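To keep things simple, chains are lettered A, B and C as they appear, and every chain counts its residues starting from 1.
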């Protein structure tokens, strides 16, 4: 039987990475684990599961060496009957094996490759289309991120089906899902949740669901109320730099906050020219896109953002929202594309020098999705703000004042400014990623998944700061899959759809 | 941190200590003229190797930036021409290129175009650097290419950070200096190996222009020296006459010292590079 | 692949044209050079200064024409006599070595070139196998933790002996070829093709450097995400050579390595894909090593030593032909490697 609490310490050399004295799992329950990115959720789950490399890390579980923990009967049972779905599906496929082969190796070899679970997860495709995907080698763009994610989930469901069919009473089956909905759009996310809870209802097992997607809470409260007593919402939060604690997360508080959120009130339409006006149709990489005003995506419309407006672009995962953002920022050149940005006319032929000298960091700025890739992890927090095209060089106080918008003032010491970005948690990196662009005070700010990696407190702070920026006159273009949150904060007139 | 637990630091320490022990032994048991030659050879070899590192770094950096700016500025012809020229250099086996370079340097010395010792060292280093610098350029280019594919590069550009700062400061200095330093350690090993080999070949009598009179004494040309060759032959003799083994350390010291210094230095440089790569998870 | 072939083709064309033009120019110049040498000798040919009577006569003539500088005239005559003697000596010494591109020379060079290629190909095959085997063995040894544990005295002695043997083996593998060859010259005939192959494989650090690279590829691959997924699917993950679900020595030394049902199979195959693209570099390193070995050991009948000899005697035409041959071999390797990499990529394309 799985212990109620694990005491886990993970170090690398002399450096402590994470320590948790009370990592507890709701036995035979669906555990949803929230917490800011980089706090240690995945590491702690991997430690319990026995997946960490003891050559690279120094790990102790319940006072025992990791070698002892891994050779423990319980840990071996967990590995044998459970499954672990990892983050970032792209890097978790062997590039030299077809998807079909990867769905039938090891302990999955006894299951049929194309079974009901796979069909359910690919409900919009017939068997022929699914077979085509199964015969692919996993490459960067084909299958898509969403398809790869669903294939990984299919592996988990095969193990769950084996568990359901097993006549043995196996109470040590643990299924861990690490950010399983990151690459899925809302439709497939809901499908996956339904399928998981359906299987659970047949025969309870222990599931650990690591996620930042708070809209799952609404989904469960609305569509799976009957299983609420079998669901735990937990959050991992930081006590000190490396010590974290696990506590209950109040789903009710979240729902109340969501209910209370309202879109901002705009003044009378301004007579000023819009900050951004971009044409509705464009094509790039052999695909054509249309920006529409209606949800049915039938009425093309110019993308227009006025001064002090917050506009939201919606589209399914992988459709091209980030591509559009990069076209607006001049990083990609679409065919036959034109727009006006703060009085500067830009087309696909506008030379790089115009973008570099007049637009980037002056008229427009963009916050990229993944803070780990967008920031230079090898420099310090102070150095992150150097080299920016600001009117005057920032001193320590200026930087601290800027950081205070999203970080606790008490933590903003000179030592903190000298800390390398690599040593920040995921949530801290995301906040730094946002602040680096927001400090430029550009006319237009494009935000690609601004709530990535943040815990609930971080989400509230960022949204508050964005509202302040908007009121101060900045125009904001939002791209996010957190539709539930942004639908309540942005009025319908300022939502666009990408087809 | 510099601790003997780190493999690279440990091997650097082993190399220094072993070299010091050999120095003391030679002072005690090697005749003075031979000792003078061995000391000169040892220092000349490593001075040239260090100069090669400097030349390689400078030329590699210039080549990388040149290629990058030609590509970014969409000067296709210039980029293709420069790339073509570099590929030509890559196609020449290093030892052939360096040999021809040494012959040219020897001719310059004979004709009185080059006088000072430092100038000779610099020219020899340049000859070697010319056929090694592309390894450094490839390392730097790979790092720039890697970061350009990530959001890293674009995210900073759209924040208004200048391209030269991103390339030189963020990518090459902050994120790649460990890789560059690791490459420089390998370059040192390559320089010592090629130097000793080419000097050995030349000393066997490549040309009258490039010879021991014109070129500085190094471990390579010392090894080709008749005395050293006889000492090396004595090592083989010990395989069939094991009792002769102790004599090696007293009567065949010159050749043994030179051969051991070459091989042991190469081994240590290799282990230092490995240890450094392991420590930084390269 | 087409663009790569185009680049290779352009390079081959450029280098061939350049060297062939150089060859043609040298051919036309050699007549001039000989003529100018003869004319220099002819300038003093009226007096045979090795003959004491003629030398004295010449000295007197100098003193009449240039009076008041007896010592200077004496030095000039002496200098001229030395120059005449040297010119004659050089002519005698090198007359047999000066040769052009005759049919005999072509046949001789072709034979040596074919021998060079055979040795090169065999050494490449052996090192291809050796690098992967050594790299895989080192990786599995590191991961197996077999050597940790009980520290009894016999085990410690055995461990120390193993470490010492490993050090000596590494030392030998790092030795430049000429050091090993000269050490064994009194005991073995070091001029054979077999010895040449063995020397090229085990010396110059070739095996060590590239097995190290392969080990680095294996380590990098073992940290990738697909390995974690494989572990979640309960593929075998023990690297011990002593357990049935581990990696056996037989599997490690097999020419075609397969580790079915084990996580290492995926790691090895992915690492091998990366290793393919370093073969160009390895080939370049090997060719340099072979050239050094043949030149340094003065191996008669081998291409590099012949190149070295021809450089010494200034037979530029023959040197150019040999350099062109070596260049073509390097290019052929580059094209072949690009083709291998292309074929490997195509295998896994959708």
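Please note the rule applied: contacts are C-beta pairs under 8 Å (C-beta built on N, C-alpha and C of every residue); 3 or more make two chains touch, one makes a residue touch a chain.
Predicted model only: the values in this text are computed from it and were never measured.
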item	value
Selected pair, greater C-beta contact count between B-C and A-C	B-C
Identity of the chain that, by mean CA position, is farthest from chain B	A
Between chain A and chain B, centroid-to-centroid distance (C-alpha), Å	47
Mean-CA-position distance for chain C and chain A (Å)	53
Chain B and chain C, separation of their C-alpha mean positions in angstrom	17
Chain B-facing residues of chain C, complex	7, 10-11, 14-15, 170-171, 174-176, 178-179, 182-187, 204-205, 208-209, 212, 216, 284, 287-288, 291-292, 295-296, 298, 308, 311-312, 323, 326-327, 330-331, 334
In the complex, chain A residues that touch chain C	51, 53, 55-56, 79-80, 83-86, 88, 91-97, 102, 105-108, 136-137, 139, 142, 152, 155
Residue numbers on chain A that touch chain B, as the complex places them	326, 329, 331, 352, 356, 360-362, 364-370, 373-379, 387-389, 433, 436-437, 440
Partner chain C, residues of chain B touching it in the complex	84, 87-88, 90-96, 99, 103, 193-194, 196-198, 200-201, 204-207, 223-224, 229, 232-233, 235-237, 239-240, 259, 262-264, 266-267, 270, 274, 277, 282
Chain A-touching residues of chain B, taken from the complex the two chains share	72, 150-152, 154-163, 165, 169-170, 174-175
